[in-house]
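Let me begin by presenting the structure, written as structure tokens, before commenting on it.
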Amino acid sequence: PLDELREQAEGLASSEEELLLLGLFGEDAERLLRGIRGRGRRDDEFSGVDQVRADRIRELVRIVQESGIGEVTVEEEGMRVSVRATPDTPVATASAAPLAVPEPAEAGPAVPPANGLVRVESPMVGNFYRSPQPGAPSFVEVGDVVAAGQTLCILEAMKLMNEVKAELDAVVRAIHVENAEPVEYGQPLFDLEPVSAPPRAG
Amino acid sequence: PLDELREQAEGLASSEEELLLLGLFGEDAERLLRGIRGRGRRDDEFSGVDQVRADRIRELVRIVQESGIGEVTVEEEGMRVSVRATPDTPVATASAAPLAVPEPAEAGPAVPPANGLVRVESPMVGNFYRSPQPGAPSFVEVGDVVAAGQTLCILEAMKLMNEVKAELDAVVRAIHVENAEPVEYGQPLFDLEPVSAPPRAG
Amino acid sequence: MFGRVLVANRGEIAVRVIRALHELGVEAVAVYSTADADALHVRLADRAVRIGPPAVGESYLNIPSIVAAATTTGCEAVHPGYGFLSENAEFVRMCEANDLVFIGPSAHVMERMGDKALAKAEMRAAGVPLVPGTEGAASLAEARAAAEELGFPVLLKAAAGGGGRGMRLVHGPGELHDAYDRASAEAHAAFGDGTLYVEKAITPARHVEIQVMCDNHGGVLTCGERECSIQRRHQKLIEETPSPALDAELREAMESAAERACRHISYRNAGTFEFLVGPDGSFSFIELNTRLQVEHPVTEAVTGLDLVRLQVRVAAGEPLPLTGRAPREGHAIEIRINAEDPSRGFAPAPGRIERFRPPLGPGVRTDTFVEDGVTISPYYDSLIAKVVIRDETRAQAIDRARRALRELEIVGVPTTRDAAYQILGSEEFRSGDYSTSFIDEAGSRLPALSGAVE
Amino acid sequence: MFGRVLVANRGEIAVRVIRALHELGVEAVAVYSTADADALHVRLADRAVRIGPPAVGESYLNIPSIVAAATTTGCEAVHPGYGFLSENAEFVRMCEANDLVFIGPSAHVMERMGDKALAKAEMRAAGVPLVPGTEGAASLAEARAAAEELGFPVLLKAAAGGGGRGMRLVHGPGELHDAYDRASAEAHAAFGDGTLYVEKAITPARHVEIQVMCDNHGGVLTCGERECSIQRRHQKLIEETPSPALDAELREAMESAAERACRHISYRNAGTFEFLVGPDGSFSFIELNTRLQVEHPVTEAVTGLDLVRLQVRVAAGEPLPLTGRAPREGHAIEIRINAEDPSRGFAPAPGRIERFRPPLGPGVRTDTFVEDGVTISPYYDSLIAKVVIRDETRAQAIDRARRALRELEIVGVPTTRDAAYQILGSEEFRSGDYSTSFIDEAGSRLPALSGAVE
């Protein structure tokens, strides 16, 4: 759905956050984003109001995300805004050397990455290592092309090294954790951009 | 203020309750009462809807009054209805032989009686006696005309007899407590129908 | 035992008394003003009688309505709680005249102990040490003479008073005249009686009180002390037992003095002897509170006794199950949580409590009438909860108290929670070496108390 | 003392352990599954690590993730609570291999005590009375011979098991074959091991357990017994101490047997010796639970000790502050409040709790992770709160417990509250003369339990 949304957004959303707004609020959000982007009425007062509105909705989204609360409803100026959290379903399942492919239908607690990227989340608790041993070159760098099955990082728990491998051919677009940092279950590790067709669900 | 309202109501309110609605909701209540009284559009559907509305608002008023709660807000069909309780000011003050005349501006917790009646509430806790002594005739019976200053009943507390007197010329329309029953503060004792001008506030 | 008892109070103490009655298998009848129609004490009681409008003079102080509430519901006894009518001898007489057992001492004893001069005379006769001072009322001239003899600083106090009203600390002869006039005027305004007397000011002083419980058969039980020196303008904030200031010898001296006094005045039911303890370990009687105290739970925590149940039982004629000194174990601290705004000089801050979560778990007791959505009324006092901690040692009790206060959540009104938390964490409190001037001395160093010190 | 400790559990016991750590000034690190992101233990902890999805195998039983949660957050020790990994010797070894102190006994002792045959051999060697029966596994033929010798009724039990699975009561020789096959199959299904042994059935039996606490320096403290005979299908509902079935002599015999056993096996940290007490006053060892028990608060209520803080302190190497027999005072009762539907055979009833009001006031302790709006997850067990009562005597404790249960409000899920209330009010319970068959015998007379008895 995010990809579809992205197309619908026609460049209207200038950030992931705004894309989410569109996803969450549909028409209402579109109207106000148009206002913000100046595609609506070019009336200073009007767009000012919409700016305030957008900020308020964004604030609500933030509150829901940060608090982990289920739902917040605010009613004012003839507009009723309800922000409901996505159900907290894990995107990844733990395994020895797993790769977590976020399925949009089971979006995790983190904000889904934009632009068709596939997020790799940690299947376990442990220390994150970008290279097989201290001083050795990293398994991958941002911009690298990786093949399905290629090791992305090592997660160490109880002195055991667990390799996390790519499950598809992709370009590494982001690395979210510093070398040797601890990670918890479900924490975003990498954003991968598939170089072929998007992965099938399952 | 009730008197003014009564004039404004122009016979629109057929009961104290509806008068209270007008006082509490002003225009909104007026509109719906007009609907109920058939002074608005004679459209069955329309007045049906307004009837439902009125009933809902009345129900809210009842809930607030009976529960003693501060405020209830209900929002539906584009209309936001907030019912806030009047500050809980007593209608009667305790005194040796007091008469509680409900002042509309300081309506007590009990539902005001209908049809322009004045309710006499108990100013204290005690036993309610309808006659000066066992076997003696009652001070008043339903249908009796009483003069201002005439004794309506006796309230006994700590073996002291406190007479409750009428504060106006009136017809006794209801007696709410059986002889020798205990009563608590604010409990309705009598409904009186004024025979002359309505009593002045204060 | 009684079948049904009227609880002539509201708030946390009404809830406390109803719990005790229910544990005894006794029905509880509550009274309430129109402001308290939804209150917890009304809900917990077996029955409730509406007695008047919010103003206390017409409801919780309305003797005819309260007595009638008891008689019309078939109650056999009345528990007054604390405050309101609990030390009103006229109310006791009215109860008795209407065949209601008043759960407390007799009207006669209450009256005599309410008169400070008479109370002191009785104590003197019983061999209880008093604060040196004038024996009774003093004119300005007599006050001056007494002060010179006692040595400054001295205290001027209202003969009819209590709670710090009509009281003045006088550091030297130059201040006396002005202080006398002001204290007298204040006393007159508060109590309708401007009479003053003079006492030696014990400083630094600790406020330590002894809990007693007497049956109708001559049995006297003393339950140890409560240390109440953490006060802000004579309002207690934190109480603890045992007092860090007492050793076994001083404690026994104070308890046996209290026991002597009880026997001398034929005291009945629960009472609290308030003493000042000086830096030299001397103790002096201040007053006898002829009722249950707010801070009674700390005594319950270390003795395992239920003082309210005991009150009801001895009022019903039962002999005390034990007399002499009640055994104690461990340490207890009570923290009063008031709806007060520390940033505005601890002004009462009534309002709606949106969220209330009591601390739970081991060694924590919370007494309260508050739950989510309850409104703290401006008509009544600002105490909303008492958090009572019990642990093996004082140091552990302090740590547990701080754990509990971190857990306590109150949203909607400002409270004394943070102030208490900081007091408990201060070095002075931890050392145990503090006096009634703690708040004035240490308050300015504790952020939450900065508004409390003028 | 440790600076930071991982709490490898969830629910009320995680909250309990975090409270103890905070009172000791130790930082608490919580772990949680994605189902528990908003849980109270997560909020109370100083830090929390998400360890996996809701299924316990991938979260609260996930040893690598839990050990990594401890090591990556700089914890020095791990408290396992009860259930989950608390009796998993492999987990203990993994903690030790990662330089984490496991707060509990050694892996070696845990393993031996988890093997019922080995445990009994050790107890026999320590002179602790055992239930008469086969010494170890019995074939069907051996079982038959043993049963004839012991006399029916006998019990068939799973060698690897616990919690009543793989257990059968056999009343006569005719039932033996069928019961053996079924129990063996059940044991195999539950534990992967169908081995059975035979015991004499003690009936009516009372389930009475002795709490012990041992330090690393040979110190042994026994803290008295807990009476746990109010069970429904081997799940405890109500526990109390002291047991109405024990006199001072029997109590001392049981405590000294437990102490001997602790010394014999070099036990460390908290442990509970479960015994059956027969109608003749004999007692027989059943098993040693090598962890904290759900019902530990009743022991805390009468001893004034904090067993969890003691666990942490002895694990940190401190000697016990007292050894021998812990002094006790008063009576305590624990009521387990489970989200279970009495009308549907006490089936677990997960769901959203709309409203939760714990009982408060004197002598009441509530341990819970529940507040308004909390969802009881179907992934975890149904215990939602423990209400622990302390009072001077057993009769008073029962009255207080019933007062507290009337105050307890839980809206949203059916619970065992009413069942417990009726049990506490029954004549059998009040008399103290009850056994483990109480629910079966009296249940049909108690309305709330009618669905509990098949």
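The chains carry the letters A, B, C and D, assigned in the order they are written, with residues numbered from 1 in each.
Please note the rule applied: a residue touches a chain if its C-beta (ideal position, glycine included) is under 8 Å from a C-beta of that chain, and two chains touch if they have at least 3 such contacts.
Just so we're clear, the structure is a prediction, and the values are computed from it rather than from any experiment.
Steps from chain A to chain B, taking the shortest chain of touch contacts, total 3. If you average the Cα atoms of chain B and of chain C, the two centres end up 43 Å apart. With centres set at the average Cα position, the gap from chain A to chain C is 59 Å. Annotation for chain D: no residues touch 2 or more other chains. Looking at chain A, one finds that none of its residues touch two or more other chains.
Interchain contacts link the chains end to end along an open line, per the touch definition above. Annotation, chain-chain contacts: A-D, B-C, C-D (touch as defined at the top). The touching residues of chain A, counted against chain D in their complex, run 68-69, 88-90, 93-94, 109, 124-127, 156-160, 182, 184-187. Contact residues on chain D toward chain A in their complex (touch as defined above): 34-35, 37-38, 49-53, 58-59, 62-69, 71-73, 94, 97-98. Looking at the complex, you find that chain C touches chain D at residues 15-16, 19-20, 22-25, 44, 297, 300, 304-306, 329-330, 357-358, 360-368, 371-372, 390-392, 396, 399-400, 403, 406-407.
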